[in-house]
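Read through the structures below before going on.
Heads up, the next two complexes both have subunit A, just with different partners, subunit B and then subunit C.
Our next item is the complex of A and B:
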């Protein structure tokens, strides 16, 4: 570990400690926004870990998230709560591995379509099971509060950053960057491309499932229509793209402004919320194809060029 | 110059007095409303939820506001769209409680969205009078969320009463013993069907045909053809709005010959009668009202005048009743203090368009309509858990 890395790590630790104090400020409003930001930070950052280097757009977040929600909803009757997020993580990773094995040999648009269909597939399986067994919506009645959920998500975010940082430094991260640049070259260099991609795809799978498990007590009542809402997958993608996927902190700088934008639109235009959000989606993709990270890098490059001439 | 300064000073003084004045005495009651305006449940909310809020606010402000301890206070509503997403419901209710500082918040729409919001209502001590939430765990929920009230009724009673109507007709010898039962494979449909099956069997009915179909199935003719082939005496569908219409349409095409034809959600919609006209006569479904009561007739007329549409014969009246209860509780308690108002709701009975409502120890409304039937121009209640005005059941006689 170099000196710069140690300094960055210490700064990150301080930042997380400061963030973790938010519930102590006592404002329910800011805590609710904090939970939203923490949730999307976790989802978008883990999403970008896989989709950033490989350029595979995954719309499977809702599928993993729903699996996690159901893990808590079903498990809470039989097991103590603290065992459930890890179990959800394992289930999410296994599901991601299965999906990865089946689909990561597909490229581009085929993969996108498959992941979009996955959420619907899992949802239909659960509905089928409910119909056969006669069970219905599940209740998650606990004493877990918003503050508990916020702390769990913040902890999970720290974990995601550590994992992302470790992967970036590892042989796996190097292999993935090569795959992202040119898969053909990677394969000829002796990289097991399918294996590397499957392994990495398990990270967002596990993280999204854990997030779903942590948030289930917040929703109290879990039903397929809301646990597997496809909107979630799209929101994660748009936030990650707004931030930029080429840096680990990229999604975070997308999540924060987007959450405030979302809140402002929801609060000010109750009758046109969905319409305006759609327009924002379009503008972001059109005007900021490389996200805020790309914008910053371009700005820095301009400054450097000017300095070089001066 | 001199005069302008004086004017400015006067204006500033005036503004200060006005601001100061409004800080002393609150003149309006701020109400929050969160429900779907977009998303899967927007259609249902547009029929049952939003029109009643509009109607009630117009009426209340028309008569000068709500009487709070002798002062009339006008009502102002802050509305948010939760996009049929529980996370957005939570965000919006939190915003209403903390940023808008609403005096009261109206209960959201549907079971899932109400339960997602329940912890927030509970935390800030807002009474949450639900009119569209249906659950079989009332005691447990009201134990955890002290301010949560249920108006709509329980599924076990809704299903039990439907089976009982069939039992009575069979015991009187007017219909036979064979029942065809289908359900939509989605939350409420699954729940009703799984509740109904053991009750039908315990009552000694023979289920000659039983199937489910996915939500959104466009062509229901195979379902109806198979049901007809089983030659049932009664047809029961635990259905949702689109398939309630679809199954009825197919039954007319097949000229299904049964003594009882029952479809669940949306049978009580005025649009159902509008679509099928005379063929709707004798069809049964969830809900019902005392169509002869003056209170309901008057309400239906006002609803029509204010919103341009008739109320449905199930949850609309309940939604309006929840608003009446809130108003009467505020006036009765004589304060905007939420704890006092909540306690008042628990301790008192309320006169509503659906009749008298008095919550039991579990914050549950024990008397509601369970089965209704199209008879003439109205969807009349034929079974209830203790409501007045139950009318006799008629047999379904043909589709003309």
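Our next item is the complex of A and C:
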């Protein structure tokens, strides 16, 4: 660990400590916003861990999230609460591994298509199961408050950042950067490309499932239509891309403005959210292909060249 | 037997939709995820003409097809051509076009929601029973199937016999070599994309005769069409038709034997089997 890294780590720790004090401020509105931001930060950052270096767009977030919610909803009757997020994480990782094994050996398009329908697939199976067994939605009644959820998510975010940092430094991270640059080259230099991708895809799978498990008490009533809302996958993609996926902190830069923008949009134009989400997608693809991170890097480069001339 | 024929009738219409997507992906190299929305738009047009003036969908398609052709040509020229130019590799183009067509899909869903509202649309046209081999089927399904067969057949002949058709197939095989033999790739790619959109919208008008559509069902059809295209092999007309019929039969079987809510699960099962055992498509050759 170099000096800069130690300094960054200390700064990050201080930042997390400050953020963790938010519930003490006592404003229910800001706490609710804080939970939303924390949730999307966790989801978008873990999404970018996989999709950033590999350029594979995963739309499976909603599927993993729903699996996590259902883990809590079903498990809360039989097991203590603290065991449920880890169980959800394991389930998410297993599901991700299965999806990865089926699709990640092939070209990226197959992966996108498969993840696009995954949430709908799991939803159909659960609805079918409910019809067969005659059950309806599930209630999650706990004494867990919004503040507890916020602290759990903040802790999870810290964990995601640590994992991301560790992967970046590891052989796996190095292999993934080569795969992202040129998969052919990676394969010729002896990297097990499919294995590396499957392994990495398990990270967002597990994290999204844990997030779903943590947030289930907030929703109180869990049913397939709300637990597997496909919009979630797209929002995560858009936030991560808006921030930029080439840096670990990139998605966070996208999550914060987008959360506020989305709050404003859904408050003023509740019927046009789909249209506006589409426009956001188009704006990012055409105007900000590398996100805020890319914008910042371009600006820094310009300053540097100017200094070099001066 | 009942399942087999109902499945075949459904599969015929699926073939038309998937053919549209295959033209767009196989030749223009654009993975168009807004394909299902084009279908729903075609269906809405048919619905609108039927309720407003009792005009049969079979006549509406002669209006839907040219309008969709022009609309898709414009989409390609304005939205997608810059991405093709910007892309450094095929992978880059795929990522960009997926995101851009997602945006397009959301915008079209949003527009259709604003114009038509979120209700389900269905109308009853030719809903008379017909008897084939002792079983009864709805006449509208049979009509849609026959129309799909005619259009698919015409498309197949055009692609195989006419000069532009052969040029388009050459692009599907190798865009670089096609340029070397004097084929205007950008122009034909735009035409293939527009044609694909027109075929899909026509399929939408036909399918609306017996399917209930609403503004947000497009993505389901996109998924089914994608599964069919991959199963049949990218750029392979014959494979697409066989795959579409297979999916139609599979879905009908699952819907009647297990649960009508599991049709997507059925499509996915086929998809996974193909990915695991024949990722190059039903008739594809290995290593291309």
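Note that in this section the second predicted complex is superposed on the first by the 297 of 310 C-alpha atoms of A that agree within 3 Å, B and C clash if a C-alpha of one lies under 4 Å from a C-alpha of the other, contacts with A are read in each partner's own complex, and residues count from 1 in each chain.
Following the convention adopted for this analysis, a residue touches a chain if its C-beta (ideal position, glycine included) is under 8 Å from a C-beta of that chain, and two chains touch if they have at least 3 such contacts.
From a predicted model like this one, the values you see are computed outputs, not experimental measurements.
Q: On the A-aligned overlay, A:32 touches which partner chain: subunit B = first, subunit C = second, or both, or neither?
A: In the superposed model, A:32 contacts subunit B only, not subunit C.
Q: Would you check which partner chain A:131 touches, where first means subunit B only, second means subunit C only, and both and neither mean what they say?
A: In the superposed model, A:131 contacts both subunit B and subunit C.
Q: Touching A:271, do we find subunit B (first), subunit C (second), both, or neither?
A: A:271 contacts both subunit B and subunit C.
Q: Once the shared chain is lined up, is A:289 touching subunit B (first), subunit C (second), both, or neither of them?
A: Second partner only, subunit C.
Q: Taking the superposition as given, does A:226 touch the first partner, subunit B, the second, subunit C, both, or neither?
A: After superposing on A, A:226 lies in contact with subunit B but is clear of subunit C.
Q: Counting only touches as set out at the top, which of subunit B and subunit C does A:218 meet: first, second, both, neither?
A: first
Q: In the superposed arrangement, does A:15 touch subunit B (first), subunit C (second), both or neither?
A: In the superposition, A:15 touches no partner, neither subunit B nor subunit C.
Q: Under the stated touch criterion, which partner chain does A:141 make contact with: subunit B (first), subunit C (second), both, or neither?
A: first
Q: For subunit A, which residues lie in the overlap of the subunit B contacts and the subunit C contacts?
A: Shared contact residues on subunit A: 124, 127-128, 131, 271, 273-274.
Q: Would you tell me which residues of subunit A are touching subunit B in their complex?
A: Residue list for subunit A touching subunit B: 27-29, 32-33, 36, 124, 127-128, 130-131, 134-137, 139, 141, 145, 218-221, 223-226, 229, 231, 263, 266-267, 270-271, 273-274.
Q: Which of the residues in subunit A come into contact with subunit C in the complex?
A: Within the complex, subunit A contacts subunit C at residues 55, 57, 102-103, 105-106, 108-110, 112-114, 116-117, 120-121, 124-125, 127-128, 131-132, 230, 234, 237, 241, 271-282, 284-286, 289.
Q: Mind listing the subunit B positions that touch subunit A in their complex?
A: So the residues of subunit B in touch with subunit A come to 37-40, 79-81, 83-88, 90-92, 94-95, 97-99, 111-112, 115-116, 118-120, 123-124, 137, 140-141, 144, 183, 185-188, 190-191, 193-194, 197, 212, 214.
Q: Going by the contact rule set out above, which residues of subunit C touch subunit A in the complex?
A: These residues of subunit C touch subunit A: 31, 33, 82-83, 91-92, 94-96, 98-100, 102-111, 113-114, 216, 219-220, 223, 226-227, 230, 258-259, 261-262, 264-265, 267-268, 271-272, 275-276, 279.
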